[in-house]
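Across the two complexes that follow, chain A remains constant while its partner is chain B and subsequently chain C.
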Partner chain A sequence: MKALTELFDRIVQRVNINLRELAFDVRPFVKDLVPFNQLVKFYAFYGITPHHPLDFQFRHSNLAGSYFLGKCRTTNSILYKSDIRGDELKKKGDIFQYPGFEIPVSKDEGIRIEDSFLIKTLVHNYSHDPETLEKFFITNTVSTHYANIHGSPTDGSYLGPFSTVDLTTMNDCVIGAFSYVQASEISHLNIEPGTVWVRSPNNFNFLYRYPLDKLSHYIHFAAGAPPQGLLMDFVEDRKEAFQRVFEKVNIEQVSVPKSASLDRFAVLKPKTHISDNVLVAQRAFLQNAWMGKGANAQENCYIINARLEGFNVTAHGAKIIEADLGQNVFVGFNSFLRGRPDCRLTIGKDSIIMPHTIIDIKEPLKIPPDHLVWGLVTCAADLETHSISLKALSKINDAFSLGSMFFEGSGNSFVTAFRDRIHHILEANGALYDGMKNKGHAQKNQNISFNTIQPYPEGELKGVYPTIIIRP
Partner chain B sequence: MEKYLVRDLMVPLSEYATVHVGSTLFDAVLALEKAQEEFDHTKYKHRGVLILDKKNRVIGKLSHLHTLRALEPKHDDVNGIKELGQFGFSAKFVRSLRKQQRRQGAPLEDLCKKAMMLKVEEFMHITAEDEFIDHQATLDMAIHQLVQEKLLSLMVTQDGNTIGILRLADVFAAVYHAMKECTI
Partner chain C sequence: MKALTELFDRIVQRVNINLRELAFDVRPFVKDLVPFNQLVKFYAFYGITPHHPLDFQFRHSNLAGSYFLGKCRTTNSILYKSDIRGDELKKKGDIFQYPGFEIPVSKDEGIRIEDSFLIKTLVHNYSHDPETLEKFFITNTVSTHYANIHGSPTDGSYLGPFSTVDLTTMNDCVIGAFSYVQASEISHLNIEPGTVWVRSPNNFNFLYRYPLDKLSHYIHFAAGAPPQGLLMDFVEDRKEAFQRVFEKVNIEQVSVPKSASLDRFAVLKPKTHISDNVLVAQRAFLQNAWMGKGANAQENCYIINARLEGFNVTAHGAKIIEADLGQNVFVGFNSFLRGRPDCRLTIGKDSIIMPHTIIDIKEPLKIPPDHLVWGLVTCAADLETHSISLKALSKINDAFSLGSMFFEGSGNSFVTAFRDRIHHILEANGALYDGMKNKGHAQKNQNISFNTIQPYPEGELKGVYPTIIIRP
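Up next is the complex of A and B:
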């Protein structure tokens, strides 16, 4: 495995060079985090559909257990059980809207991953950087378990476990565990674990930081050991269910409505109900889940003993357990919402659960309709400092703070931006399909053929996939 | 003017306020008061206290600003208001939060009482290599060093030992007099 070892060393060195200003050494964090023998064990797979360009290039990379859809290229990289989902990339001829500009897209956009090590990471959406419209790049970067790189061209950075960078161009940054950043453009920042930061320059700025002593119960990552905490235990406990769907080439079909999509790499446990226009992505886990019309479960989502009334967005990595969600409830990335069988969590319609929210209750809790909720909520009293009605927030025009949350700017712009985005996600996912119009992922991703690819089984190149170019 | 040497303008260590490492901020304030009383009243007043190690070597300096920092309620900043600037929050918002925090925090008197007992080494500026100059160096060399490194004073050495302090105010006074002589 000489080539694989050299590849790993090369990536680590490149990331460290970029992060030298922050004096951050990525090596102790990732050394032995994924044993090299694991990298040889798993095949990679790519999807073929008539709806997405078929254009894959894999060069000098390890792709163990990873999934590719759309136009993707990897060079000198290691991708371990990662999802590179290029089904929202821009297409040739699209017009990219940017304040003051309407920029035509000259060729199909592609995801380019170079000199990077991604572990169980989701890459999705499209580049929101007007300077790099046709290239969604991820270079000289290390990301760890269940990180999301969402519409965020990234260079020279490190992402901790369960972190998310969303619609942000990022250069030379460290993103701590369970941090969520949506800030348009950032560079040379070291973001502490448990930071939730949503900034639209000149419009609004939202910041919440978890108390680290409490966050460590859920996720904690220190050099020399794998990520630890309840979030890791939760997914590890359900790992076996996924082994069955990944081991079999042909899996028995589960009947779902014609307008719905259930990915063959999702886990569907008994008593689950799928309504029209529902989208269940790969690596989603549903058990005794009632999915109302247009609801979705994206990658790494877990919906267990829960009822979603309809048009619910459950963003990448979110977990909903023992809960009842009204219509149009949005649950942001990597949120962990856990009621108990004898004390359920109820969320009123049209509420927005901010990305990276933890609601973990031991008494019944009702969140009223039309509310914004963030941070760590363990009882009803916590809601006083971790929620606000959307109506009240819309009236904010200056600044305010509540508990550990700080907000500055236009509350109305903030609420409108979220509402618009939720609508866009529902539209893109096919939740609004009427049998004729508004086709989205739920309808387009129904028939995907999967092909598998494998690395050299032994010798110096053991673990490295041969150069593969796949075109129509 | 370049014929001036650093040793001609420096304040000897014996005339400057000094305390040893391990002293409290209150000790430092008393030392400063005493040195100011004894110092030549026609000259600029001392504005700092030098911190000496056990072998009487200068290892740091405590200025007015360093002393005032001890009054900052850093342990009360549980919400990390200090760091909001890096997240793009406006200075106006940060100031209003600080004001709010101050109102809820301990009164200034209590903060002073608390600060009195804190150790000087917690707040002092540790002198770096570029803050030392030989006693025989010329004034133009000293000016260059002060300007280049943006310093308020230089530690003056002789045979490796600190023997005094060259203050920006004294250098400025020398330059000012030289300028006046030129115009006459």
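Up next is the complex of A and C:
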């Protein structure tokens, strides 16, 4: 495994040279984090459909357990059980709207991953950087368990476990565990763990920080040991259910409505109900889940003993347990919403649960309709400092703070941007399909050919995949 | 499936234009022979090891259920459940010996399949044509169930079911069902079904013809229906056992000696014993089979309730049922040797069962050691006209016939050529491995990474595989 060792060392060095100003050494965090024999053990797989322009190129990389859909080139990288989903990439001829600009896309966009090490990371969406519309790049980057790189070209950076970079171009940054950053463009920043930051330059700014002592119960990552805490345990406890899904070439599929899509790499446990236009993505876990019309369950999400009335977005990595969600409730990335059998969590319709929100209750809790919720909520009293009605928020035009949350700018812009985005997500996922118009992933991703690839099984190149090129 | 239909039509037309002189129309034979929905149903797979130079290129082809190991490029072709095993291809720098010539191989040899339709066909070995050492081509060719194209570059030809072309370059020929041809170079010939022909120009000539009325009980192929007869039924009856093998990504392997190799796409039924240096290839079927040291079970072979003492070659497609074989017994391509539980077949050591031999007995039968056996044998009396001791054969230097068999030339050359070849096969398969030297397939093919590929699942290109290029 000489080549694999050299590859690993070279990636670490490249990240460290980028992060030298922040004096951040990525090596102690990732050394032995994924044993090399794990990298040899799992096949990778890519999907083919007539709806996605075909262009896969894998060179001198390890791709263990990773999934690819849509255009992607990977060079000198290690992708461990990561999902690289390029099914929303821009196409040649599209017009990219940016305030003051209408930029034509000159060729089909592709994802380019180079000199990077991604662990159980989700890469999705498309480059929101107007400077690099055709290339969604991830270079010189290390990313750890359940991080999301969402529409965010990234260079020279490190992402902690359960962190998310969303619609943000990032250069030479450190993103702490469970931090969420949506900030357009950032450079040379060290973002502390548990930061939730949404910024639209000249428009609004939302900032929340988790109390670190409380966050560490849920997720904690120190050099020399794997990430720890309740979020890791929760996922590990359900790992076995995925084994059967991955060890068979063709899964006998549960039947779902014609307009819905259930990925063959998802786990569906008993008593789950799938309505029209529902999308269940790979590595989603549903158990006794009632999915109303147009609800979606994105990658790495868990919906257990829960009822979603319809048009619900359950974003990548979100967990919903013992809960009842009204129509149009949005649950952001990596949120952890846990009711209990005897004290359920109820969320009123049209409410927005911010990305990286933790609601973990021991008494019943009702969140009213049309509210925004963020941060750590363990009881009804917490809601006072961790939620606001969207109506009230829309009226804010200045600075304002509530508990550990700070907001400045146009509340109306913030709410409108969120609403528009939720509408776009529902549309892209096919929730609004009427049998004719508005086809989305739920309709287009029904029929994917899956193909598996494996590395050299022995010798110096053991663990390295050969060069693989797939074209139309 | 427009593209697939066009591809099929174009192949048929190309074969027919080549066979116009023989006035052979391949269309009625292959039309509907493999329903198009079958072509969409099965994944193809290729193997990667550090021992095989890597160069796969698949373009505008359907590869349903086919297997690839070793360098191979496929263009505008349909390969249905075929095995393309290029693990004996020549390498750059090899010297090819040909009487009067020593030809250096200028680059790694590759298999090139173009404009061809192969059904359950085995392609193996390397080009024995000194004119095309670097390219083992199969072009403008249709080949049907369980045909073998073995070391035989082939253009513009048709192969019937269970036919074999061995070490023979072939241009514009028709090979009838169950015919075996090893004749160096042939052109514009129509070989009748049930012909067994071994010719070494200026050296010897062996010719046998099956009585067609008796052969049709075993195999019969007429236009408009699939191949029929006992050989087809035998294989169909055991098809289900392979299902489990193909539907799982990783098979829990039965443990075999360190020096032996059991392919994960083989079927191993209970009470089978595997000794050192044994090779069991993909799509081999073993049931209550005792495999002595260095015995091999090649692709599509079946060994059932049988004991093979060691260093036995069971060539591609051979079937051995209720039989006891001494050491060094060779059973050639597609032979069908069937004893019964109460009347076993015994074959003495060092005997050679010619390719395409049928021994089908209802009383016990003993074949003595050091004998050559050919054609159709149903009782001891048949042996008189269907076998000869190798010693007697070695003494022949002229023309001689026995039953429907005709021989002319040097019997000694014939026996020596056969013995050398058997030795080479054992060597190549690793039967002679001593723990240090003489590694062969049994030792080198132990650790193969398998990778699956699938076609476009819908649309005009449904059933066509995208362009796939795999390099080191």
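Definition applied: the second predicted complex is superposed on the first by the 472 of 472 C-alpha atoms of A that agree within 3 Å, B and C clash if a C-alpha of one lies under 4 Å from a C-alpha of the other, contacts with A are read in each partner's own complex, and residues count from 1 in each chain.
Just so we're on the same page, a residue touches a chain if its C-beta (ideal position, glycine included) is under 8 Å from a C-beta of that chain, and two chains touch if they have at least 3 such contacts.
The model shown is predicted, which means the values in this text are computed figures rather than measured ones.
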Touching partner for A:246 - first (chain B), second (chain C), both, neither: second
Partner chain in contact with A:466 - chain B first, chain C second, else both or neither: second
First, second, both or neither for A:397, with chain B first and chain C second: neither
Which of chain B and chain C A:199 touches, first, second, both or neither: first
Which superposed partner A:37 touches (first chain B, second chain C, both, neither): neither
Contact breadth on chain A, by residue count: chain C or chain B: C
Which of chain B and chain C A:450 touches, first, second, both or neither: second
Chain B versus chain C as contact partner of A:97, first or second or both or neither: neither
Touched partner set for A:50, first chain B, second chain C, both or neither: second
Doubly contacted residues of chain A, that is, touched by chain B and again by chain C: none
Chain B to chain A touching residues, read off their complex: 79-80, 84, 86-90, 93, 96-97
Residue ranges of chain C touching chain A (in the complex, touch as defined): 43, 48-50, 54, 246-250, 447-462, 466-472
Complex interface listing, chain A residues touching chain B: 183, 189, 197, 199, 201, 205, 207, 209, 399, 401, 404, 406, 408
